[in-house]
Amino acid sequence: MSKIGIGVLGGGYMGKAHSVAMAAVGAVFDTALRPRLQMICASTPESAERYRKAYGFTQATGDWRTLVGNPDVEAIVIATPQETHRAIAEAAFALGKPVFCEKPLGASLEDSAAMVAAAQKSGVPNMVGFNYIRTPASQYARRLIAEGQIGDITWFRGEHTEDFYADPEKPTSWRTTGMANGTMGDLAPHMINASLGLIGPIAQVMGLVETVHETRPGGAVDNDDHAQMMCRFENGAMGQMYFSRIATGRKMGYAYEITGTKGAIRFDQEDQNALWFYRADDLEAERGFRKILTGPAHPDYEPFCQGPGHGTGYQDQIIIEARDFLRAIETGEHVWPTFEDGHEVNRIVAAVLASSQDGAWKNIEDF
Amino acid sequence: MSKIGIGVLGGGYMGKAHSVAMAAVGAVFDTALRPRLQMICASTPESAERYRKAYGFTQATGDWRTLVGNPDVEAIVIATPQETHRAIAEAAFALGKPVFCEKPLGASLEDSAAMVAAAQKSGVPNMVGFNYIRTPASQYARRLIAEGQIGDITWFRGEHTEDFYADPEKPTSWRTTGMANGTMGDLAPHMINASLGLIGPIAQVMGLVETVHETRPGGAVDNDDHAQMMCRFENGAMGQMYFSRIATGRKMGYAYEITGTKGAIRFDQEDQNALWFYRADDLEAERGFRKILTGPAHPDYEPFCQGPGHGTGYQDQIIIEARDFLRAIETGEHVWPTFEDGHEVNRIVAAVLASSQDGAWKNIEDF
Amino acid sequence: MSKIGIGVLGGGYMGKAHSVAMAAVGAVFDTALRPRLQMICASTPESAERYRKAYGFTQATGDWRTLVGNPDVEAIVIATPQETHRAIAEAAFALGKPVFCEKPLGASLEDSAAMVAAAQKSGVPNMVGFNYIRTPASQYARRLIAEGQIGDITWFRGEHTEDFYADPEKPTSWRTTGMANGTMGDLAPHMINASLGLIGPIAQVMGLVETVHETRPGGAVDNDDHAQMMCRFENGAMGQMYFSRIATGRKMGYAYEITGTKGAIRFDQEDQNALWFYRADDLEAERGFRKILTGPAHPDYEPFCQGPGHGTGYQDQIIIEARDFLRAIETGEHVWPTFEDGHEVNRIVAAVLASSQDGAWKNIEDF
Amino acid sequence: MSKIGIGVLGGGYMGKAHSVAMAAVGAVFDTALRPRLQMICASTPESAERYRKAYGFTQATGDWRTLVGNPDVEAIVIATPQETHRAIAEAAFALGKPVFCEKPLGASLEDSAAMVAAAQKSGVPNMVGFNYIRTPASQYARRLIAEGQIGDITWFRGEHTEDFYADPEKPTSWRTTGMANGTMGDLAPHMINASLGLIGPIAQVMGLVETVHETRPGGAVDNDDHAQMMCRFENGAMGQMYFSRIATGRKMGYAYEITGTKGAIRFDQEDQNALWFYRADDLEAERGFRKILTGPAHPDYEPFCQGPGHGTGYQDQIIIEARDFLRAIETGEHVWPTFEDGHEVNRIVAAVLASSQDGAWKNIEDF
């Protein structure tokens, strides 16, 4: 058991989540590498100092370069806005430091391509923060599919829907500016990544992307409120996805339905401890979707609780991520999803946006 | 209260349902016109005679012309396969007899166009059997939307999914032959009609239609197993629909989710007595989808039961249809959905099929 | 196929339901005996005449003796208040006419004892209207238990909860007077009967019965608002039941949970087309309650609809009852629950009331 | 912000949970007092050393007296079996050290009485580990009731059901010996405490307690498998509870239903992020249980996640407990539930057991 100095960039929503995760992960998973909360960075020295105290870091800084260059910082967690991801990651890779980066990977396809190149050049572990796919339920869904328990996949429906911009009277903010902060940039990547992890690569897409409320108190909105896409996976399965920040009533609508020739799976993150599983080979009169509650029989559940059905939550997903990032550092083996996977997601996002503009199907290989 | 002689064509799945409905509707709704089960027709005299006895008709015939021409038959219910709808309807209209026709309206766009023309020429009441939209829950959904309770509609997602052909080893049958019997022909019309009734006219569609299992024991399959479409409604709302006969685990997946600026509605026919309704103006801490159980406060519920939550079922939808058809005959006022509405649905089906072939958006007005 | 003249007493809530059922049952179940809606009786000639027209009977009367004595009335359906059940049933049995009686069986234990005696003396078919246990789902639950699919029963929890008297400002009515019209008299019998049908005879009970709102606009209330009981079944299983007419939010809370050594069953009438079934021998990771949607694989479903998950409703339960009553008449074989079973329920009700008064356990055999 | 040295007794199920909680709580809640994981104790020095490394403590010991007496240990968390609680707590209080003790409070009524006396004598903060009542959902339920949002409470139904002993072939263990480890001793306290927190003091109980499987592989079982109780709260509400370790299919069945004159609440820990709330004053047609997803608008949610519906889990409840224990130490103000509350629960348990033996109602004040 050896210590590793962690530097976290950003002390907001995700900066805090990763700080808590780094504080807890060792005790939860009995990891070989034990994080030392070395330094935290925010946009001002004052806020950084506040976060340092609150989360228990040793040092604070208002300049990300200071953090990246700090020799006591041995691994980097990027939890700042998408526009900042690239420069930070490139600097860290240049110093040979492993990087965990929040989704989406950079603010553009150009960003993520550069980040992949830098990651490959450095060869150090790198990972993207698609946390939702790490719930015990979704990990188990992946396993069921991989084992062929639902047969050949014929259909995938996914959504990532929330309603934080459902009210047309809610004012503009940085979230309503820049494609990287719109629904396709910000929310879609989670579910697109999930679809790749569950079903496999996507070959073609057709998109329809829209800004419903073009102005809000505060001015014009220049990114998208909701978007849909049809797709074809490389294995032949057909798919459909929907993303929205104006989905009135939906709080954490990260949900999917997967149909196979021998069974089906349904999941909704709003009840993240249940996976619904249908086996076509059950007796006809006894067939029905089973509401499986996650427990020690499912991936990464037991370290949180010995009792089935007792439930894990949002923060626990981030702790699982931290364990995976530490393991990648320790073993040198990459853990899915890497920057390459994050870039693959961005290519699909770009294809959907392009398709929406000219109304034509797009091949992912062209992006 | 006067009697009206009813002739039912077909004694199978829907022929029986309409016969039972005609036997029960008077007592349920205290209708002014009271059906007399006059004559039933099936493909052979023997089967027709069997149905006559079973359902309580006075006369039977193996020839639909006999039924249509029978002067004691004053109104016609067509519950035979789609290929037969047109000829029967045209003959009935020619004699000035009101016609209720099961969905879809005919076996092709040509059929339904001709049927609309015949209906208009005759001027007599005509109606199409989109029964699911007649549950108290879905009628209430329509009312909530019409009253503006969920504000402006931004998003509609619908599906009609079942799994009677999910097993790839299930042999071919008449259902696996002919576009009118595939998923777009047979299942899609229900949900497309629902979307029109709930949201309003559709302007444009983009489709993706597929035969997953191209051969089955018994030979080749020449119609579609599942299909999806994106659409734009005339009022600007964006929509998405999915139809499938291979949706493993889904039995009556007639389901929709509707998002508005002030609220949202969710419904799934597999629990047809519940409507989920979200009001954005509830207090923040108290906001959530309300599971409303249908009862006397909702349309057409009370005649079936004075107690809320006691529930109506499939057969009750057909009884509501019968009431509406009788009322149209009695008052001379058309009841939605008429043949024109059924034809509108067929135009959308045709546009989706065309779009799927060339991968381009289609305007409904071109069909 | 022969006709049988039916006389229905009462044209209200249940009088209507039975009239509709008698109009529809022949077509639904292709019964050997076909009901002829002969005569209906209500408390005045005027209301009776109104019901006659509405439901399609041949004759009407304001005097129940006229109906019972009418030679064209060959079988009797009692859907009048509990106070009237006994005299009507006795008169009918004296004339050798089969009797279907709504629950509860009479207004007191004395009534039901006398009714059983009269039934036994006459030897003609007799049946009590515990309709809810006749849903396909609850019939299937009974079958699963009888087949041993959930092993030995260790626990039963049942409830019958509604909220029609939840509002303390709702005025008094006949429902708030007389023990037969209180919660133990009116609602409890349904679930007690269900427990007997599902689990078997009850040996002992302990009750707690209460009038929460002792006065209401209009005056004093002299019967109970809600009640609970603990019980021991003869087979050793432990049980618990709750009954309420003040269960705010509950509309048709006829619900049960049954635990066995090998599995478990859960049901709630508010979603009457689903039965939840847990098999302990499923693989650990795949275990969960299966939401089984009723369909043709379940008892008495297919005559209503060929499609699984399409759903039956309240009225359909009454149609199933009508089929069973007709079958009993046709075959001469009694169909559960008979008057004896209705009386057994009343004995348990009496034991619960007695227990509530002195706070001691009661043996059912003493009642 | 000052540090406090924590000593945890026990490194198993709950010892780990509290260790993780102490590692994470500072960052989550920005607590004024910051835990320092000082010392952990287990039944052998070897296991203690293993836990020390895994959870990140400074010191380890196989002797609880060493831990309690360690001057660097300033507060004690007892997560050892019930038989050990009393001696440890008494020793800690004697040294003036605050004590958090896992439920149940000691192994008997005598134990908890002594522990209350010791706590009162010392005057230092003390608290019992009824974690489930600390979910945001259950805290919010308490608030809704306290604010009168559901009016006067008429009915409470609670259960704590799991199935870890449902299989009759599962061998005996320490769990099958000693009343403190049976269902009434081990599981019932959670829900009894919840009922007190939600509704208020209980006045009277009637119990029925049972060992279903009297022998198991390994020998005889001498404690109870399941138990039920009826009760009367001091405010007049009627209640019913059920506890089971043989509830096949139930994993975390900590569930309650509460009826009031103006509304109702339903909760099930298996979906711990949803609270179902019914308002009787909603419009009739719009009334239904609202499925409220917990979020920043609910107690203690936001520190875990800024997004509503993103969910908290089992471990988060323990973190909330840790925050409350630290706050009690910091402020010197007791936080519910204290040892007195834990003793109150034990008195009710004792009354239920006594009632089950002689079949008579018991007044809690007599215990």
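In order of appearance the chains are A, B, C and D, and numbering begins at 1 in each one.
Note that in this section a contact is a pair of C-beta atoms (placed from the backbone, for glycine too) under 8 Å apart; a residue touches a chain by one contact, two chains touch by 3 or more.
Keep in mind that what you see is a predicted model, and the values were worked out from it rather than measured.
Trainee: Listed by label, which chains are in contact with chain A and with chain D?
Mentor: B, C
Trainee: Based on mean C-alpha positions, I'd like to know which chain lies farthest from chain C.
Mentor: A
Trainee: If you average the Cα atoms of chain A and of chain C to get two centres, how far apart are those centres in Å?
Mentor: 53
Trainee: For chain B versus chain C, what separation do you get between their C-alpha means, in angstrom?
Mentor: About 34 Å, centre to centre.
Trainee: Roughly how far is chain A from chain B, centre to centre by C-alpha average, rounded to an integer in Å?
Mentor: Taking the mean C-alpha position of each chain, the two centres sit 41 Å apart.
Trainee: Quick one: which residues in chain D touch 2 or more of the other chains?
Mentor: In chain D, the residues touching two or more other chains are 250, 274, 287-289, 293.
Trainee: Would you pull the chain A residues touching chain B in the complex into a rising list?
Mentor: Residues 150, 154-155, 157, 166-168, 206, 208, 210, 212, 225-226, 228, 230, 232, 238, 240, 242, 244, 246-250, 259-264, 278, 280, 287-289, 359-361 of chain A touch chain B in their complex.
Trainee: Quick check: in the complex, which residue numbers of chain A touch chain C?
Mentor: Within the complex, chain A contacts chain C at residues 140, 274, 277, 279, 282, 284-293, 297-298.
Trainee: Touching residues of chain C toward chain B in the complex: what are they?
Mentor: Chain C reaches chain B through residues 1, 13, 16-17, 19-20, 23-24, 26-28, 30, 34, 53-56, 162, 164, 250-252, 269-274, 293, 295, 304-316.
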